[in-house]
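To start, I am sharing the structure in question, which I have written as structure tokens.
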Amino acid sequence: MHAAPGGLLVAVSATFKRDLTLMLRRRGEVLNPLVFFALVITLFPIGISPDPELLASIAPGLLWVAALLAALLSLDSLFRGDYDDGSLEQLLLAPHPLAALGLAKVAVHWLLTGLPLALMAPVLGIMLALPAGSYAVLALSLAVGTASLSLIGAIGAALTVGLARGGVLLSLLVLPLYIPVLIFGAGAVQAAILGDGIAPHLAILGALFTVSLMLAPWAIAASLRISING
Amino acid sequence: MTGGKGPFRVEFDPKLMRLERPLSLCLQARKLACERDDRWLFEGLDLDIRSGEIVRIEGPNGSGKTTLLKILSGQLSDYSGELYWNDAPMRQVREHFLANLLYLGHAPGVKTGLSPLENLAWYQALSGDKGSETQREKALAAVGLTGFEDVPAGQLSAGQQRRVALARLTLTQRALWVLDEPFTAIDRDGVDALEKQLIAHAQAGGCVLVTTHHELTASSVLRRVQLG
Amino acid sequence: MWAFINKLRSPKWFYAISTKLQPWFWAVAALLLVVGTVWGLVFAPADYQQGNSFRIIYVHVPAAFLAQSIFVSMAVSGVVFMVWKIKVADMAAAVMAPLGAAMTFIALFSGAVWGVPTWGTWWMWDARLTSMLILLFLYLGVIALRGAFSSRDSGSRAASVLAMVGVINIPIIKYSVDWWYTLHQPATFTITGRAAMPMEMWLPLLIMVLGFYCFFIALTLTRTRSEILRREVNKRWVRELVEEAS
Amino acid sequence: MAFSSLNEFLAMGGHGPYVWAAWGVTALLMLVIVWHARHERRQLLRGVKRRVRRENAHRDALQRGAVAHSPTAQVPVNSVQGDVRNDA
Amino acid sequence: MHAAPGGLLVAVSATFKRDLTLMLRRRGEVLNPLVFFALVITLFPIGISPDPELLASIAPGLLWVAALLAALLSLDSLFRGDYDDGSLEQLLLAPHPLAALGLAKVAVHWLLTGLPLALMAPVLGIMLALPAGSYAVLALSLAVGTASLSLIGAIGAALTVGLARGGVLLSLLVLPLYIPVLIFGAGAVQAAILGDGIAPHLAILGALFTVSLMLAPWAIAASLRISING
Amino acid sequence: MTGGKGPFRVEFDPKLMRLERPLSLCLQARKLACERDDRWLFEGLDLDIRSGEIVRIEGPNGSGKTTLLKILSGQLSDYSGELYWNDAPMRQVREHFLANLLYLGHAPGVKTGLSPLENLAWYQALSGDKGSETQREKALAAVGLTGFEDVPAGQLSAGQQRRVALARLTLTQRALWVLDEPFTAIDRDGVDALEKQLIAHAQAGGCVLVTTHHELTASSVLRRVQLG
């Protein structure tokens, strides 16, 4: 092929760096999902009951669902900025595989959304009276799980980027695909609380991540091409 | 922005623009047809774009100019007909074609959160070439943006933002330029300079495919294609 | 009154007056904080129930008071800015928001730490705790909204509107959270409802509260001056001032 | 004086970690706030001075006729503006 | 004043009709919040536990929180379309009070989001094993509550309409203000389950609605003017 | 859509445009100054716009033309200086002013989900007057949109969408027109017709305030104001 052999690496790392710079410059972009996470978690005790025992029993599920929603809502902007200002066209016209460039963008999204959510979850766990001993598993399962969520969600984001009202539609497309991740993620935390083995859950989460990592980039690339066509 | 007043002179320097190798390139379309929502925008279109030419696509609003440019630059796939690049079917030589293409669309593709220098750095890296800061500064100087290298592009006026995009013409040495309304938001002096740059590119052996509502001054290298 | 408002319109006047006032406030704040700290940490007697963990009160309560007062001040500044178009009021509001958020955080953190020895838990969904947490979110919202606008003028006005809407809501939120708490469970632990404090515990608390308020005023004066510099860089008086200083 | 020795003071009757954590975080945060206010002010003054100097130099040069009076040769206001705003 | 006396009514009803037509033409706009509501409600049994008893005890809170989120997310588009295509400027330049015209838009939002959510909630209540006897109260509390939510949320929507990334920021601004509504809404359903009097809860919900109705339109109008300035 | 090809002739009919009463209107600005993020866009601007005049605001990109129009039409409030409408301070006569104002901004304000007829109906109702279907059909005919009355505006080309907005000029009988780049996306014949309509409006006693990069043909009623 024509392009220089090291060229792909240059292009991917430049795209990674560019997205990182852009996100870090607009600090709100990074903080907002975290605050949303905390806010949604606050709603539950208020809506349900402040009783610590009841809260403890539902905490793993609440934390996972809230983190999932926070990650989901922040996905909407993943490609939208690039679409609106025309840089997405340029990404498509680069002489490099679009899947690799898209993956760089997803990696930035996870690094600045999924990972912080995972790190913050234990604090909210304390507030929901999550039993001790499950905090590390909570963070770990979220860290691995949100990586899959970012990858799968990016497909939806790519499909809806050209549509005026992406937000809610994106949720519809993506939420059903999130269910396996949710089952094993929340399951891992439950298992840690009950003292059961957490290895199988984490193994399946890892497997889900591997599969998404192998398949999602191609789906993302294809979806972006469709959106540009539209 | 020195008060943002007064037009900035665009001083494109044709000497800054060097093409990698002597060129004899050619993009051909055969029996191109495109249907949008059950309406034919164009049918049976044959088009040859060769080294040394400026081809201007003309036609009223909604006649399919942008659509044609997107098909020719390989962004749209729902058309019928065949595209050839240097006599090879496009499918087989897509990467070579993309490595030689510079496309500027309706939207300038300039990130408002990044400075002009950072914007250009990304574009250079996208072609797989890191480039140098000096190169980029020169390219910005060529479009009259000296002094604005580190200002977030969001703080530039619409015209200045488009100039950042136009700096890519000088910066990346691509042979085929596909430009959709490149004169948008550019003031009168800028239009003149850009026109000169297009002619220089064609004369140096490049090809230019352009749509615009501005009247281009007649020139030996200009060819018109009428749509609609 | 009108003369005063008209004077306030000029950032230059405010800069001059606050330059004169701020050293006094800093000095008084430092004095009160040092006296209060030493008295509260070293001399005040231990609580007969809570022992020495009780000493957390000397940071917890002033921070909690301040957190609420700052939001009200911010909203009042917002009204002044919107009604009389006094820019200094907005600058003050802009610098108050982060301080208010910090105070809310201190109240939350010290309360949470205090909860471990007294309640045996870091957190519970008590009415007062919950409304404090919501106050933190309100602060974060105002800060985020101001920052989200690319035009500073619009950001100022939007933040003012939000602060006003928020301040109307604070009593409603507090009232409803109180109601909610009494609905769901009896008040096992109440923060208030304790026997009145003996004088030698109460006085240092008063001193600390006053110290925190002076700190708030001093910091607001100082940072508003910086904000004036930032926004008025192009004004001649700022240039002259800086040239004089150097 | 409620304590008889330094150790007793530090231990706070077994509640040391809690008392010191609460007081420590408060003190730290307040110090950071004060430091930030000072730092911000210094940065601002430096920015304004740099700008005044640059503009004076440019004006002098103009008067001597050393630089052509072209708009692009001037110091763009917004680049300095950006510096000043970013460190907020 | 100059404008004809009946003019205001004509303008307000035309705006109401226009928004209704627009929303009904894009059916997705109306269905999306409903589907989001249903999806989020399905996530909880998956994430927490399928145990009907546990679910029943937390159902009122879950339903209220999920409905609140669905209403919130659909708010983002309330003024955005008008802002993007320039009709918001025209609304501002109409010789009628902006507060009245804004109120017409909010009314349409409630009619096509809040009301359907309230009507749908009982069905989801069945899925969460919500005890019988509380269904009517659930629907009624949601119907009144979402009206306040629409009014308060519209202030946030008006404030963020000019910002590129409204979505998550909007949540951050608006969620804290939603808490009183949530408390009394979920409280009403709880009270109905426990057999306590629901009248006080509903009365307070009504009072909250009245206060929002009186104050919100002015805040909305002021916020819209700010956003146009921005 | 008659194939959507070929330019549509805009046939503005000046006779369709009747003003409610003989006019002698006047919008005055005194010592207008606008600062945007610490930069003065203009300062000490005095401006009189009277019946029978077309005032064209000129200036390079980013010089504040749009900002000025927004201030004059009462959309922006962060300016200093005074506005007078018929010699009364703007604050006191705002509603009368708005009832006489027609503003067309950069964005056409056309809802893509509604048909041209429905769009116009809303605009008419916004002024508090229900109007009649016939009126609206006539106005659409005047901008060459016969046959497109019931097509969702989203399916019209960019130029046609702007024509829907321009139909308001004929439809609502406002005295003061404030037009920001009204020629955008309009083809050459359309530009001529629109220019004629502006002149006719001025001659009939209306006032027009306009920014445009197009050169307007010199005319007795045209006055220029230079910004930047």
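We just call them A, B, C, D, E and F in the order they show up, numbering each chain from 1.
The rule is simple: a residue touches a chain if its C-beta (ideal position, glycine included) is under 8 Å from a C-beta of that chain, and two chains touch if they have at least 3 such contacts.
As the structure is a prediction and not an experimental result, all values here were calculated from the model.
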Minimum number of chain-to-chain touching steps separating subunit A from subunit D
2
Farthest chain from subunit C, going by mean C-alpha coordinates, please.
B
Regarding the subunit A and subunit E pair, does the interface count as same (over half of residue numbers shared) or different (under half shared)?
same
The larger set of C-beta contacts, choosing between A-C and A-B, lies at A-B
Which chain has its C-alpha centre farthest away from the C-alpha centre of subunit E?
B
Per the centroid of Cα atoms for each chain, what is the distance between subunit B and subunit D, given in Å?
45
How many angstrom lie between the CA centroids of subunit A and subunit E, rounded to a whole number?
27
Separation of mean Cα positions, subunit C and subunit B [Å, integer]:
55
Report the inter-centroid distance (CA atoms only) between subunit C and subunit D in whole Å.
21
Send over the residues of subunit E in touch with two or more other chains.
26, 81, 165, 169, 172, 175-176, 179, 183, 229
Among all residues of subunit D, those touching at least two other chains are 77-78, 81
Among the residues of subunit B, pick out those that touch two or more other chains and give their numbers.
1, 3, 5-6
Per the touch rule, the subunit E residues reaching subunit F in their complex are 1-4, 6-8, 10-11, 13-15, 18, 21-22, 25-26, 81, 84-87, 89-96, 225, 228-229
Using the touch definition up top, name the residues of subunit E that touch subunit A in the complex.
26, 28-29, 32-33, 35-36, 39-40, 43-44, 46-49, 54, 57-58, 60-62, 64-65, 68-69, 73-74, 76-77, 81, 164-165, 167-169, 171-172, 175-176, 179, 182-183, 186
Applying the document's contact rule, which stretches of subunit D touch subunit C when the two form their complex?
1-3, 9, 12-15, 18-19, 21-23, 25-26, 29-30, 33-34, 37, 40-41, 44-45, 47-49, 51-52, 77, 80-81, 84-85, 88
If we count contacts the way the header does, which residues on subunit C are in touch with subunit A in the complex?
121-126, 130, 133-134, 137, 140, 144, 147-148, 177, 180-181, 184-185
Within their complex, state which residues of subunit C touch subunit E.
134, 137-138, 140-141, 144-145, 148-151, 153-155, 157-158, 161-162, 164-166, 168-169, 172-173, 175-177, 179-180, 183
